[in-house]
Structure formats: structure tokens, C-alpha cells
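The structures come next, written out as C-alpha cells.
In the two complexes that follow, subunit A is the common piece, with subunit B as its partner first and subunit C second.
So, the complex of A and B:
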């Protein structure tokens, strides 16, 4: 935990109410998100038990597996889920916009957004995708044709969720923790009910009181995917037996409804709270990336794309790691430049500083290393009271112009001298406005928004000997859906 | 049995490595090298042997500093050799490289391609395409992430991978278990991946020329349990002499102990502290100041010299500790850095802020054996560890419990065990502050 978040937590304990740790909203919230609360059967890796799903707060759809040990019923449940989700997901593919780029291309104007209660919900979504995407509508154990398609989409969404800053599949407890610090531990913050109790306690209660009340599994049942053991033993077991003897799922449905409906209300409360914050400047750019990927996946599936493999090949793993790293780097930098409160964390850690410009040498020209002709390299002196822990030569960025590269020349006492290296126009003197002026309040940080050039990796077929050579091409078979442990 | 002298043992190992690399049936050869075992010398010898028989060679190192060091040494040993120093745009090549007439420095591969040896960082090599070499040497291969190797592997046919297995593993800012257990996990080191996917011969360098006789047995036993090595020098070859007598204060007593035995534990009272523990930071800086004031002289197999600021380093785990120690008044010229950046460097005396000092928890990061190994194996004469009391109890109260992942090879040594081994040794050299 950073100093600021520890301080905010202490303050939350002292005041009895969650403290804001962000001034703007850093996640995208769709106008029509789909809330998805899955439950699984205790003791099984990926046996779905029930789900409450939908886009209308007033009209959730309850899906259950009346006997979750029955695999046919599980896949019937998945077909029902596909019935709800696929029209929602595929509906976004219809409307596109043209993106102005070097080679203009089409991109979906909007994309699906799935909201789950917590990290466990994301992991279970991934498992559901894994257990369904290799299934087939023909062959030994046929399923409804929509099931593998849903599996592909759930996999797509769950894999997007690994990228920092993606909003395609959001765990709401994590989204809330990004904006509020509660007086409980990060582990306890994974409980949506108590976390919301700290952030928005009911009238007449403070955070700790409301959180204590919200710990009662009768009023706030677990948000899944695991159910409460008492519920399993005392309610669910009887209801499943009743289904076995009578063939009517009514009792199972009713039991699971009581477990899911309180969370459904909390999910929409969390959405309202997050909507109350103004959107950060770069949220739209990150959502555009999600839309790009959605458009690509739509095209891939339309071409009859194979289900994604369970493990990555050597080359795809390396590419993915590079993508994950650059997404994280960009996200961290954007979040800090968008939000002064987030930047404070970096300033306290000495990785950023803010202050007033006290001197500018705008006409300075030097011969940069590796070059032959002099070029403008203005010096800017900033007076700061921040504890700067950066060393000369360090490359810095600023929200003034996020593309502009600057570097530290010297630090003496509270005076920091930086040199501006680019983004000053083509003239022999810097373009107006490209260099800060005396009296301006500026903030510089070592956070690189990235997006630079990356070396090319070989293609999968050219995997070198060091990494095991080219892998055998994938040929789908009936055994694909088998797990080593199933 | 005839016992080989260190010189004979090292020469025998080098000969076997070169024979296997240039004439063996494998496309790659791995060389495990303990701290200061003449890894760079091996690379230079291999380069000169290949260049001598008219072969073209590419050398890969991980940082610009390593590349410059290597180029400098290679050019000094083989002045007639044409060496290309390939670098990125805007990088200014230091004068220790450009002073050699045989070195051509450029950011374009076409301008150095004709050289017998081309040296560059792995990052720079990744941008080279359309050129191939028969021979490659990958230096510091244990510091290289396997995805970096993937990007350059198409450039060469055969390669010598040289590195120190006891040092810090490469890392990623991304925290994911997605590839755990996969043979080509991109977050592993390059050697881990080639070793698992290709049955390559592994050689060892048996002698550390850097570590004194007081340090080699401990470092070998604690951090290289299955690849033992010995010191190339005898106890009498190295002496650290303090030319002035000390005061009877803790700092001076610690220095006396270090000078006499090669080790000292400067122990502060047991307390839980923040990372930048003011007392520990003060002790690190103060010990460095006193060391200079007392006029240390190092006597070794090459003669005698004063221990100046450039021969002293202070190492710690975190960047904020580095900043705090620098701010505490360290004499100019003394290196203060994190373990990650001290890798591959060498000093006469090192002062180490113990990674677990003052902590309430022993996390995987602070327990990592490579971190402690780097910090306690940079010195030619003495190593002074500054720590709060109570680390042994912390280790016992918090046994390391990492998550078990299927198909992940077990790594030795275990950080918990290595930490205990070092602490047990240091307890004989304890000076209470």
C-alpha cells in the first residue's frame, strides 16, 4: 500500500466513512452495462449453479441449474445464458464508425460491458469460457450451437480483463477500491456488501456499523461465485432433493433468488455511485482500445476462428506479456496525469514533483549527443517543496504535453532544473506555448505514457530452436474439451 | 588424487567450455559462473579464439554499461581486432570505448556489420533483422528475460550462454500466473527456458577470483549448494589495513572486525521500522565516512592501493533506501545502489543494508536469495552488513510459503535457508551498536 492509501484508510477509520482516493472516474461505464452475478457449486471447479443477469435493474433474469451435478443441465443453463448474453454482445457489432488513421478502418461505436461483483467473478467467467468454448454441436456429447460461441465470448472478455485499464469485464469491488479507501483491509474490500457499507452507509449509521451489519450472511449473502456453506447445507441441499423427487425446479429457483437478489441491488448501487464521478480524460481512449479488440474478435469469429488454446505458445506468450506491460505502463501514467490525487501518491514517493517555474532559458541551443547540429534544448527551473527522489538524466513527462520528453539536469535544494528535448516545433526557437513560462505551476513525473516503438518478434511458425521450435498447427478434435483433471 | 591449483582448475574449465562450444554437437552451451569467476575473461577469450580463426561473432549483453565494459576489455586485450559497438540512437558512447582505434561505434548495423565482433544490448539486437551470424555469445544470460532471447534468436546459429545463476531473476511489472509452469514462460530467464527445452551441456567456472578466502566458502554454501566453487586466493593474499586506530565506538569496532575477518554485522537494537529506517540509514552512511577517514589500504595479489570512494559501495533493496542513504551524507564517489543495479559490479568493501532489517514480514521479494547473494558477493576484501536485531526470529515466525505451481522447476537455494545460513555466519562477527 502506498503512503496515501494507508493514510486514507486510517482517515476512514477515524471518520467512520470511506475516503475518496480519486477525483475522477478511471473506469468506463457503459450506458447499458450487463450485470452478471454467477454462482457455482461448492467443491466443483466449474459447475455453474445459478446466475442473475441482465441490463435492466428492474428486470433481472434468474437462471439456475436445478441439479448442478448433471452435466446436461449445466450445458442447458449455458445455452440459456447464451440466449441472454449473445444478443447483447453481438448487438454491438452492427453499428460501426470509421476511424481516421493512416489506413482508415471500421470500429464498433460501442462494445459490450460485463459487470461482475468481484475478482472471483472474473475468474469464474474465465472458467465458464474454458469449459464451453471447446464444446461442439455435433460429436459425442453435443451441446446447443450457441454454447461454444458464448464460450468464445466469455473467454474474450475474461482475457481482456487481464489488461490494465480495460473496462470490458469489470469487477465492481475493484472499481470501487480504485476510487474510495475504506477502513477495512484490502482483503475485506473484496466483499461488495461491506465495501459499499463503508462508502455509502444507510441513514443514521456510520461505516463500521453498516459494515458489521452487512457481514450477516442472511441480509447480505455472499456475492459469489462461492455460496455460504450454511445455505448449501440447510437450504440448497433440500431444494435439490425436492427437485429430484418432484421434477419441479421451483424450490431451487426460490432458494437461489434469495441469495442473488441482495447482490443485484448492491451492484446497481455501485454503478450509481461510480456514475456520480466525472469521467477521467483518458477513459475514452482506453475504451476505444476495448472497442478495437471487440471489433477484431467479431471479425475473427465471423471467419470461423478456432477457440483460443488453453496455453499460449512461446511467441504469443511473449507478445501478450509485452502488451500487458505496455498497457499497465500507459494506464499508470494516464491515471496519474488525469487525477491530481493519484499524482500525489507519486509525489509523496519522490517519483514526481510539482512546483512553480522560477526561471526559463528558452533560447538555449546545444548539440545533442549523437547529432552534429545545434538544436533548441531550453532549460526550465522549478521550485518545489516535494521530496524529489529522481536523479539527473532521468526522463520525465508532464500532463502539460504528455508526448513531450524532458530530462532532469540538476537538483539543488528545492530547485529542479529540467531540459526540454522535443515537441517544440521545427523552428530554431521553441514554438509559443511549447515551453512553460515563469510563474506557471507545473508537475513532472517519471511516468512514461509509452506507446513507443517495439521490436518485432518472429511469427509462431518461425519459433526459434531456443524456444522449442515451431509448434504443430492446431487441428480441432472431439477430445479438445477434455481436461486433464476431469 | 592430484589437487589442481585455482589457476589450473580455471584454465581446464575454460578449455573444456571452448572445445564444447566450437566443436561440440550442441547448438548452445550454458556456463554457470559464480560471482567474480572470470566470466568476462571467458567471453573475451572465446571472442578472440573465434575471431582468430576468421569467424564473425555477435555478443549480446543486457545493459549499455555491460556492453561498454566488455568492449573496453576486449579492445584492450586484442587491439588488432575490429570491434563494432552497436548502440541506440542518441546514446553517447563513453570515451573508455571510443579511445580504442579498433572500435567502430554506430547506431546502424550496416556500418559495423563488417567487424569481426559486434557488441550490443539485447534490446538493440532486437531491432536488427536480415543479418545472421554463425556464432553468438550471450553474456549475463540469467539476467535476460526469455522473451528478449526470443526476439534475437533468429540472428545466430550457435550460442554460448554465460551468466551467474545465483543472482536476481529478471522480473516483470505485470503480476500474472498465466504462464506459470510453461516451459517457455516469458517471465523466466533465458537460460531457464533454453535449458528446459533443449538438452544443453552445462559447464561451471570453479574459481572466484573476486571473493576473498573469507567469503567464498559462505557464498558457495549458502547460494550455490549444488555448484560449489572456491576462492582463487589464499587468506594471506588479501589484507584490509586501517592506517589509523579507531575510537572505542560501535562504528569503529565494526570496521575493525570487518578489516580483521572480512565480515561484520553492525547490529542495531530490535525494532520494527519503516523502510527508510533513520538509524540504519545513518549507520550505512556513517560507516562509509569512517572507513574513508581511517585511511583503509587494501593489500592483494596485485599489490597495495588506498581504498578510495570508488572502491566502496553501499547496497540495499529499495530505491527509497538508496535515496535516503545518499541524502544522509555519503562522501562523493561512493556507489549507493539497489541490488539489481549492483549486479556484476566489484568493490573492495561493501556496506549492505540487510533487506529484512526492521521488517515485520518476510515477503518473497525480501527473502529472494538472489538479492542477498548479490549484496554479499560484490567485495574483494570485506562486507559489512547493517541490520536490526531479530531477523532470525522473523524468519522463524514467517516461514516462506509461496504458492505451489504445477510444472514449475524447484529453485535452489531456498531464500529462507540462504538467509539463515548467512545470518548464522554473521552472528560470529556481530558488533552491537
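So, the complex of A and C:
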């Protein structure tokens, strides 16, 4: 949230339609995403109730648990889900490409992408992974062998979803909110139906009318994972009883189909809307990271890799936090450099500025601190009307050349002087084009696409004794495999 | 008949519960809610009558699950609970007596039950005996906006050596030692209300309020099983917030004084339009959070929308728009079609700038 998006929300109210907060698409959209709408039983931690899942908009697969309190039926549901998901996920491992790097390596050319309606869908995917990844196909309470494999994959996807900029598991309400400001509150934007109503109201309706209509639980049932309390009391309860007395799941299936199908249509509508935006410059690079991770996980599982433990050790938790932080910084910077509209948020905050170059001292040479020989350090003067809140010495980057380091020299009135520090070729004067020219419109920001400074952390084996010493790697236990799921 | 009774009409007054007080404290600026609650008006029925039924409810499955978990924890003379209390509070008690105050001599009269609660708690506090006691369903009272309300007794008060702990049983799961942050926060806010009320009772009996611990015992199912686990929840922060917010509530008498004479919210006696008009005479302070915490939310949201209030975009948006109250004003300042008042000059300048760079970037 920023004053820009708040202003856009106000505009949305005035115009009766959502307003853009991005000019390009910042999420990767697979050519064949798998849409997954899971439902759970109210009041239970992780009792799956139903799911609508598939890659073909015209052909969703409906899975239900006719008695959600029955553990065997839940595992049967998970086995069915594995039946749909595993071929999709594992199929991407077959085609690889060679990545040119210091040590060239193989990477999957494409990777699975799971689309869920909202954050709740991501959280529930994680719980489903947690409740199945330790299970075993033998011993007491055996499950179908595919169940723990699916559990590992769901855990992997939910884990990826924590990294900013990953598109492996995407909550569509969040993807939409990255691109459009509606005339309702961010809290209400978690409702896919009303959010879409503001973005693309049906013919003859404006956003607020359509959003109001989309709040009717009869026409727009909740997108899950919770179902509507009235539906639970008036329909589902009876349907489950009918299953118990007749043994036929037909009534439960029909009831849940009515709750899921409207969301299914909305999910694909959201996909179409997002596809309508041109892809941002760095989306591909971020998706390559997702493909890297997918390739590694495939190899790990092929080697019989253990499921992820219940909790992280001290060092892996610290490394993970640092990774998450760095991914977030990189993503924020990339998004801003990819999209002038996103950049406005940083300009308003005084962390970035845009303006015209009014003077350039391209031949300036100084002896940089810590060096002995003079080197080119051109000065560029920019006139801006942005409220710059940066101090001299601050390191800046620009979308002209995202690797080039520059720093603020002085700010006086609307004139900002910056010094260019590298990326100017090897000559004694800067290479042509490496320094902005008078008249050019430029934008500099305090955002580091390199992800900022990483703290130096020991590897897992070197965990200091103060943090419990090297963690024992997780080894699956019988207890975990037979954990109660009541 | 008091004025509040007139406002409510012939319907029986509703009890407050920790959830309603916590919600009230979250939105202390709302006179409407404060008044409706003080009068014990059924907001759910009122909202439905006005044509804006509450946007939330509870699933029968969730209710059943909560009840069965509660029963499990209390089964066999609270065997599970005692074990958990021993572990979390590090006690060596082998047993504790149990008294249920939900039904005093066949009477569910509030006054009777509250008096009984007071007497029992006071005796336990002054006895200082080593033995533990569990008091189930204590009926507590709390002063809200200068008005005494009863609190729905949804907790257990546990006494050991003259010290008291609030025990709250919730049916959301703690998985791998982690629970949903939103639910834990809500539980902490609600438990704080009980600690607060219990301390108030102590103070009024001349006992040291600090004998009621700020560490609440939260009992939840562990992982995916039905097995209970307990955690200590420090609610000091919530207590401080509650104290601050309760003191900020406008006193009910002040709100009453500003009401037109003869007004009532009685839904039996009025058409939806008349009732809506009556409710609208009391100031509201809508925020999107109301949608999950107050039965009147859709009515108040419609009102906020009709008046073009920035409230409907959320608190953050409202603050970012410089606290300007109406959307047309904010946009008018931005496009220069409206002259800023002296205190708006700064925000007007910012909004003009925002508009300019927004248009540039979208183009």
C-alpha cells in the first residue's frame, strides 16, 4: 500500500472501475497452469472436503470426501488428488535444457504452476502437504504410495510461495491486486468474486454494482478453503447424512459442485485478464529460479530424499530468512525498474526520483578512496520535481543499466548531482552510452536488484554450539508416519 | 424503564461477551456500536431487519467441533486440563476441586450467578489454601462506557495458592508448535477481557488485582489430532490496549444526551426505513475490519459508500490520503477542482503531485 495505490482506489470509486497499479505483468503465467480450488471442513485443522482441479478450463475434475471426518476417505481423496497432480508435476521433469554457467547444468525447460484463489488456498495447500508427507505405504495405517509423494510436492510448492517473486504457487487474488486497485478495501480484495467484479464488471454493470451482486453467497459461493456457514448448515450437513445412510456420495458431490464451479470460472477469467498484460522484463529470470528449484527438488526426490522435517534447525532457519529477505529486495527492485507505475510508489516515498539530465561532467577523473590511480567518475546533474529523501553517499541504481553503481553527491533545491562509479568500459574516458546525456529522462532509485547485503552464515554442519550445534538431519520416524489425523 | 430499555424495546437484553468487548475496543470511535451493545440490542436481528444481514456466521460443523473439544478437555473432572495445568504452570498438584457456576440452585439469573461468582472467588482468594480450584463459567461484570455489563462465561478461572489464571479453550489447531496468528491474536484479545474483568472484581473486593495472572492458559488441539495441548499466553499488551481503549469510549450518557427525544431502535415497532433512520442518528465509524467483527457492518458500509467516505477503503488508505474524509474531496484536491482548507494545503500539494506522476506513468 502506498499513497499511489490509495489514490488509485479513490479513482476506482469515482470511475466505478478498478484502476491500474502496474503497466506490465509481474507474475509468470504458465501456458498450462493447474488450477486448484481446495475446500476444507469448517472447524477442523486440515480436513479436506473437496477440490476442483485441472489444467483444462472446460474439464475440471471434482474430488470430494463424502464424510470428511473419516480418515480413510481423506486419504483416498489425497490419492485421487495425487492421481491428477503427480503426472502434471512430474511431467515437467522430462524436458530439460542446458544452462550455460561456470559449470553448465541441466534445468527443466518448464515447471509446474499451481493457481489457487487466495492466501487461504496457499496455507491449506501447505497443511495438506504437512499432513501427508510423512505417511507411509507400509506399516500401520498404510496409505497409497502416491500420497506421501504428493505431500512432498505440495510442501515444496507452498515453500516456494513464501519467496517473493516466485510463481510456482500463486494466489490469484494477490496476483490481481499487484496489478489493479479496486474501489474496495484490501481486506475485501481477498474475495476473488468482488475483486474481479471491480476489474471486469459484466456488461451493463459498473464495479460497485457488480461487486455487491458478487457478495451474494448463492451466486458467488466463497472461493474457499472455508465454505459458507449457511451452506454447511442447510445443504452440506444433510448431504453428508444422506451419504451415511445410503452410501452414495452423489448428493455430497452435487452440493460441492455448486460451491466450486462458479469459482472455477472466475479463476480462468483472472488468468485471461492477467495474460492480457504484457510480461515484465524480469519475469522470465524469476521463473528460471522456479525452474531451477523444481529441477533440484525432482533430483532430490529421485534420490529418495526425506520429507522436510516438522521444524527447521537454527542455521537453516536463519539461512531461509536471509534468502527470503534477499528475494524480497530483489523482487521489489526488479518490479520498480520494470514498471514506471510501480516506480512512482518509490518516488512518492522519496526513495527514487526521475527527471531530466541538465549537465554532465563526463571527463571527470578522481582518485577513488582506497585507490592510488585516478579513474573516471563522471558527475551527472538531474533536475527533478520529486520529493527526494536521500542523503549524499547513498548508493543508487537505475533501469538504464541495472548493474551500474552510482551515488548521490549533493542535493540542492530541485537539482540532484550523482556520480557514476562503474560500468564505463576500460578506457580512460567512459564508453559511449555508459553515462546519461544532457536532455535524457532518467530515474534513479535506492533499490538494489542484487538483493542487498547477505549476512554471512555458517553452513549447517558448522552450527555453533550456542545454537545447538549441527542439527541432526531429519530422519523419518514411525511416530510421524502414523500421526493421528482425527 | 431506563433510556437504554426504551431504545431496545420489549426484547430481552443480550449479554456482552469477550468477543464483543474486544471488537468494541478495536473500534473505540464508534458510538453506534457502543450504544447498541450497552442497550443489549440484538445487532444480528437489527441488521437483518434493516436489510443488511451480518456477513458472517458460524458453521454448525465448527460449533460441534468446538463443543466436542471443550467436552474432551473437561471430561473426567477436567483430567486433561489438570495435566496440562501441571505441565504449563509447573505445578505439583495432584487434584483440584471443580465448581461449575453456570447454574446456581437451578437459577440462571445473572444477578444471582454473579453474586455467587464473587463469593466463591473471594473465598478462594482469602483462603489461600494450597489446593487448586477450577471455577467453570464464572459470570463476570465489566464497566463499559460508564455502564455495567455481564460477560458471557466462556472460560475457566483456575486458582492455586491464591493466584488465579484464566483458562481459555479454543478449537483451532496448533501444528508443529504454530497456530494461525490471527486466531491466536483474537484469543489473546478475548482472554485479556476476562483478565481485566477478573481484576476489576478483585479490586472492588479489596483484593490485590495482581493476583490474577497476565499469563493466560490457552488450550488447543495439537497437530491434526484431538489431543489437547496448552500454552501460556502473555496478554499484558492486550490488557494495556484494552484499558486505553475502554477509557476512550464515549460515555453512554453523553451519547444518550445527544439523541433526539423519544427515539427507539425497537425493530418490532418500526419499519426497516424508520429503524434505519433511527440507527443513523448515532455516529458510526466504519472500517473494513467491521466486516468480520460487527453485525451492523453491511449497513454501515452502505452508509459510508453513499457518503463517499474514505473509510470504506480501509484505515491505511484513509491515512495515506492525508486523513481527508471524503473521496470526492481527496480527488478534488488532487485535480485542483477544489480549494484546500488551510489545514489541507500540505496534503493537497502531495495529492496534486501524486496525480501528476500517476497520469504520466499510466500513459
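Keep this in mind: the second predicted complex is superposed on the first by the 473 of 486 C-alpha atoms of A that agree within 3 Å, B and C clash if a C-alpha of one lies under 4 Å from a C-alpha of the other, contacts with A are read in each partner's own complex, and residues count from 1 in each chain.
The rule is short, and it goes like this: contacts are C-beta pairs under 8 Å (C-beta built on N, C-alpha and C of every residue); 3 or more make two chains touch, one makes a residue touch a chain.
Here the structure is a predicted model, which means the values were calculated and not measured.
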item: Which superposed partner A:2 touches (first subunit B, second subunit C, both, neither); value: second
item: Contacts of A:32 with subunit B and subunit C, given as first, second, both or neither; value: neither
item: Partner chain(s) touched by A:410 [first = subunit B, second = subunit C, both, neither]; value: neither
item: Touched partner set for A:131, first subunit B, second subunit C, both or neither; value: second
item: Partner chain(s) touched by A:324 [first = subunit B, second = subunit C, both, neither]; value: first
item: Larger contact residue set on subunit A - subunit B or subunit C; value: C
item: Which superposed partner A:311 touches (first subunit B, second subunit C, both, neither); value: both
item: Touching partner for A:348 - first (subunit B), second (subunit C), both, neither; value: second
item: Shared subunit A surface residues [contacts with subunit B and with subunit C]; value: 311
item: Residues on subunit A engaged by subunit C in the complex (per definition of touch); value: 1-11, 13-14, 20, 23, 41-46, 127, 130-131, 183-188, 208, 215, 226-227, 229-230, 232-233, 236-237, 310-311, 340-341, 343-344, 347-348, 354, 385-387, 483-486
item: Interface residues, subunit A side, partner subunit B - complex; value: 162, 311-315, 317-318, 320-322, 324-325, 328-329, 349-350, 368-370, 389, 455-458, 462-468
item: Subunit C - residues contacting subunit A, complex; value: 55-66, 171-173, 175-177, 221, 223-227, 288-289, 291, 305, 308, 310, 312-314, 316-318, 320-321, 327-328, 330-331, 334, 350-351, 353-355, 357-358, 360-362
item: Subunit B residues within the subunit A interface of the complex; value: 27-28, 89-92, 107, 123, 126-127, 129, 146-147, 149-151, 153-154, 159, 172-174, 176, 178-179, 182-187, 190, 193-194, 197-198, 319-320, 323
